[in-house]
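Next up: some structures, all given as structure tokens.
Heads up, the next two complexes both have subunit A, just with different partners, subunit B and then subunit C.
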Partner chain A sequence: MAEHAATVGVEVEEQFFSAEQQRHVATLGMWVFLATELLLFSGMFLVALVLRVLHPASVTAVALHLKFWIGATNAAVLIVSSFTMSLAIEASKAGLRRAMLRFLVATAALGVLFLCLKAYEYYRDWAEHMMPFLPGRPYVLDGDPASRLFTNLYFIITGLHGLHLTVGICLVLGMAFFGRRAGFLSRHQNRVEVLGLYWHFIDLIWLIVFPTLYLLNR
Partner chain B sequence: MIGIPPALRARARTPLLVMVACLLLLSTNILLGALDPHGLIWIVEVVITVTMIVIILLFSMEILEQPGITRLFGGLGFFWVAILFSLTLVDYLNR
Partner chain C sequence: MSPSDLALRDPVVPEATIARQPDYLHAKQTLSSWFFTTDHKRIGILYLVSITFFFILGAIAAGLIRLSLLVPNGSIFSNDFYDKMFTLHGVIMVWFFLIPSIPNTFGNFLIPLMIGAKDVAFPRLNLMSWYLYMVAALFTLICVVLGGVDTGWTFYTPYSTFYSNSWVLPALIGVVLIGFSSIMTAVNFVVTVHTMRAPGMTWFRMPLFIWSLYATSLIILLATPVLTITLVLLIASRAFGFAVFDPANGGDPVLYQHMFWFYSHPAVYIMVLPGMGVMSELVTAFASKRVFGYRFIAYSSMAIAALSFFVWGHHMFYNGMSESASLTFSILSFTIAVPSAVKVYNWTATIHKGEVRLDTPLLYAMGWIGLFVVGGLTGLFLASLAIDGHVHDTYFVVAHFHYIMVGATVEAFLGALHFWWPKMTGRLYSEAWGRVSAFLTFIGFNVTFFPQFILGYLGMPRRYNTYDPQFQVLNVVSSAGATILAAAYIFPMIYLIYSLFYGERAGPNPWDARGLEWTTTSPPPPHNFETPPIVDFDPYDYPSRAPEGG
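== the complex of A and B ==
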């Protein structure tokens, strides 16, 4: 059965003159936050690049131990999740609440799939003794001290990205929970768009992480 | 487009094209990474990655449709990153 379109809009808070102003402020706030996040991740990408310049052989040795195909699959998973998030946004703009909920849940499910693949990758790293920070556990590239720096950086970058993704999944599921209520789209439609910006950014960061850690150093 | 309500199909065209373009570019990068045909192939891989980032910024995050101040903040973020990378690499690459 075709879904009837609900009224779409934004409930104006007392500190704003209009719904349009409120929308712009919310979007600007998210972009400012994302700019700081970009700087956070960029610092780590730069460290990876500097390590590559200073210790090319050590970095290549680590990169050959990384699970290239899992990283590549995860990149594809996040690209598809960005697609479902875009559909959730478009459904919210069109007032299609049920479709929006379906696409939000699909987005969260793809995020969980990413985390499951990442957890398996970490397990393989553990099994192959690729965790130099674990006390009492031998490190497979022990004879190459510089490789420790890149291996630790790999866990810091992917761990931080995983943390951001976990937050994103919680927010998407929270949005789906509150979005179930009748009248949500008539009062808070722009929240879906703002959340979408965050999700696309997580996708964008992984599209940089994948070549930085897995691809360029092989 | 299977699974997409008819009322949403026209709106889904751009996101679908973005996904297909990004998946094709990613596949190219994966292929180049797996085969590693040339020592300088990393240049192509970087160009492909930058293309994917630009596509997401333009069409998924719709940066050009935002008000001027929002575009300014988005641009400033990347401008600071450019300063960070250029000043650091000038040092390391000239040692």
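== the complex of A and C ==
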């Protein structure tokens, strides 16, 4: 069923002179923020690198315990979610509100699927005694104290990524909630684009996290 | 006598009718109009008040440290109390005063005014940054005062992760939060400078203060997240036994130092670059002269921002770094002196043969140059491997970084406060008291910190509350200097507050300075300009004079 295209635009806030300026500001602001996010994750990638140099055997032992196929599936899930996010942005540009809502919900659903798979992976880790930070629970690689470092790092990196993804899902759902209103696209269309940048960025981070933790030293 | 002659003799001045809208201070005066404001000028004032409050706290802690060091055996306070005061001083001064000082107060107030914008790019984010600052600062303060933290502001491992019995964990959370506040402000500034400039305000027409704040914001953006993640790893270590920085479990404590100084050395430039920006404004205004080498000063700010990321290793020459790494960092540390020196020469050249008015802001500026030169040159001593071997971890280092941080940043902060006070408040302060305070700051500072160079050279180690009795005389001199410095800080607080109520009203441009912020009224209206400005002039377009002696 063909949807009637809504008008698309932004409502100019008082500190700006034009809609064009406001769009530019919003996009640049998100890019600058993402630069800081990249540096945030880089710190952990650096630690992963240092651990691989200091204790290559221990890192390999841990990497062999990680659930490669769950991580790989999750990478695929996020790539598809980036695709649906792009479709949502295209729909918002074309003023197709209902299509945009559907794609947003699909994006959030894929994000939730990622988290469910991740939770199952954590459960498997728990069952296999791969949680050295739990007091009183035996750790499977106990004979190799240096391996604790990489295992813990795995939980910190994936935990922080999961936190970012959770924030992303909330934002996408919030956008879908406010996007239901008729005038949304005529006043705030660029918000969908800016949110899209964040979403793609979280996906990109996973595409670095996955090889760093699961693939190298395997 | 005709009526027109009468009018000439006794002119009847009609009641002044205020055609313009009320200024930003008087637009609304409810409490909520301050606490929920998105006006960058009001947020700047909120920062000014809160930062000054934390400065006073940090200064009191410093005073207690100097008091304890009057005697060599540390008998005035307990060791524990000394350690806690010492950490309080470091944490409060670095994160809650020095880093946000000039950017968050004067940057917030001035960036939109100087580039001809109505506000910053993200006004609500700006307000949120202040709230986050307050939450983080009060939270940290409560931790440090109630629980006490005894690690020093650097939180070095493995002491901070496994051995310290104080409230390290909450203090770390507070420092992570203040990092978010810094990042929000920096995002705002970078985007504002890129996108909100008035028509005609090209990059090379921007005041140099804007250039230096732009460079500062870039450093904040790239360095602060690294500190955040480092402290997150530290939190994980302390709370869950992560141990990545613990040598006993295969971790590496030097890795912590690398990651910490990757932020904290650039942070030194976060503190000093805004001061350099202030200098460019003060020097040109009071020499009433075009700045010498505009592009060189602008580019040198960017050069400092870039180089600041490659010198962190000089904090670790003797902490187990390889010789070749030390040599590399030593050479890189020397190179950063070049753009710094370019600035100093250019300001001096600007003052040279200018129509110099020795008013309070310029006195602070001249003091700044003197202190910065001493601090900078002793930095070169410390960048040399051999000399650093002799003086590292002594009072020489303490004196060096106080010359940069207190000498340069606080001096610039006070200079900026005096320079823009009429613009911020619409009032003039007592010039005589201003000059006295500027002199006192310079004298008090040197009496406090110059003896520490000698102490360090003679081998007095830093951080301890006890020392060899032979060092007592110089320590007493240093503590005496601190009291002069305290007076120099208290005076401005008194006469500036006094001027708020009884000061003469300032016109739009009391210093006859150039720049868009002086074209609007003092204090400015809520949206800064009655009509959006269009820039068709160069920065610092002071009237050029014919060469002298001709």
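Of note:
Going forward, the second predicted complex is superposed on the first by the 218 of 218 C-alpha atoms of A that agree within 3 Å, B and C clash if a C-alpha of one lies under 4 Å from a C-alpha of the other, contacts with A are read in each partner's own complex, and residues count from 1 in each chain.
One rule holds in what follows: contacts are C-beta pairs under 8 Å (C-beta built on N, C-alpha and C of every residue); 3 or more make two chains touch, one makes a residue touch a chain.
Keep in mind that what you see is a predicted model, and the values were worked out from it rather than measured.
By the touch criterion stated above, A:54 is placed in contact with subunit B and with subunit C alike. Judged by the touch definition given at the top, the superposed model places A:204 against subunit B, while subunit C stays out of reach.
Of the two partner chains placed around the shared chain by superposition, subunit B and subunit C are both touched by A:32.
Looking at the superposition, the partner that touches the larger set of subunit A residues, subunit B or subunit C, turns out to be B.
When the shared chain is aligned, subunit B comes close enough to touch A:216, but subunit C does not. By the touch criterion defined above, A:5 lies against subunit B but remains apart from subunit C after alignment on the C-alpha atoms of chain A. By the touch criterion stated above, A:17 is placed in contact with subunit C alone, subunit B being left untouched. Contacts of A:133 after superposition: subunit C is touched, whereas subunit B is not reached. Of the two partner chains, subunit C is the only one that A:145 touches; subunit B does not reach it.
By the touch criterion defined above, A:180 reaches neither subunit B nor subunit C.
Residue overlap on subunit A between the subunit B contacts of one complex and the subunit C contacts of the other covers 24, 28, 32, 35-36, 38-39, 42-43, 46, 50, 54.
By the touch criterion given at the top, residues 117-123, 183, 187, 190-191, 194-196, 221-226, 228-230, 232-233, 236, 240-244, 249-252, 255, 259, 527, 532 of subunit C touch subunit A in their complex.
Subunit B makes touch with subunit A in their complex at residues 4-8, 11-12, 14-16, 18-19, 22-23, 26, 29-30, 33-34, 36, 42, 45-46, 49, 52-53, 56-57, 60-61, 66-67, 69-70, 73-74, 76-78, 80-81, 84-85, 88-89, 92-93.
Residues of subunit A that touch subunit B in their complex: 2-3, 5, 24, 27-28, 31-32, 34-36, 38-39, 42-43, 46, 49-50, 53-54, 68, 72, 75-76, 79-80, 82-83, 86-87, 90-91, 93-94, 96, 99, 196-197, 200-201, 203-204, 207-208, 210-211, 214-216, 218. Only residues 14-17, 21, 24-25, 28-29, 32-33, 35-44, 46-47, 50-51, 54-55, 58, 133, 145-146, 148-149, 152-153, 156, 160 of subunit A touch subunit C when the two sit together in their complex.
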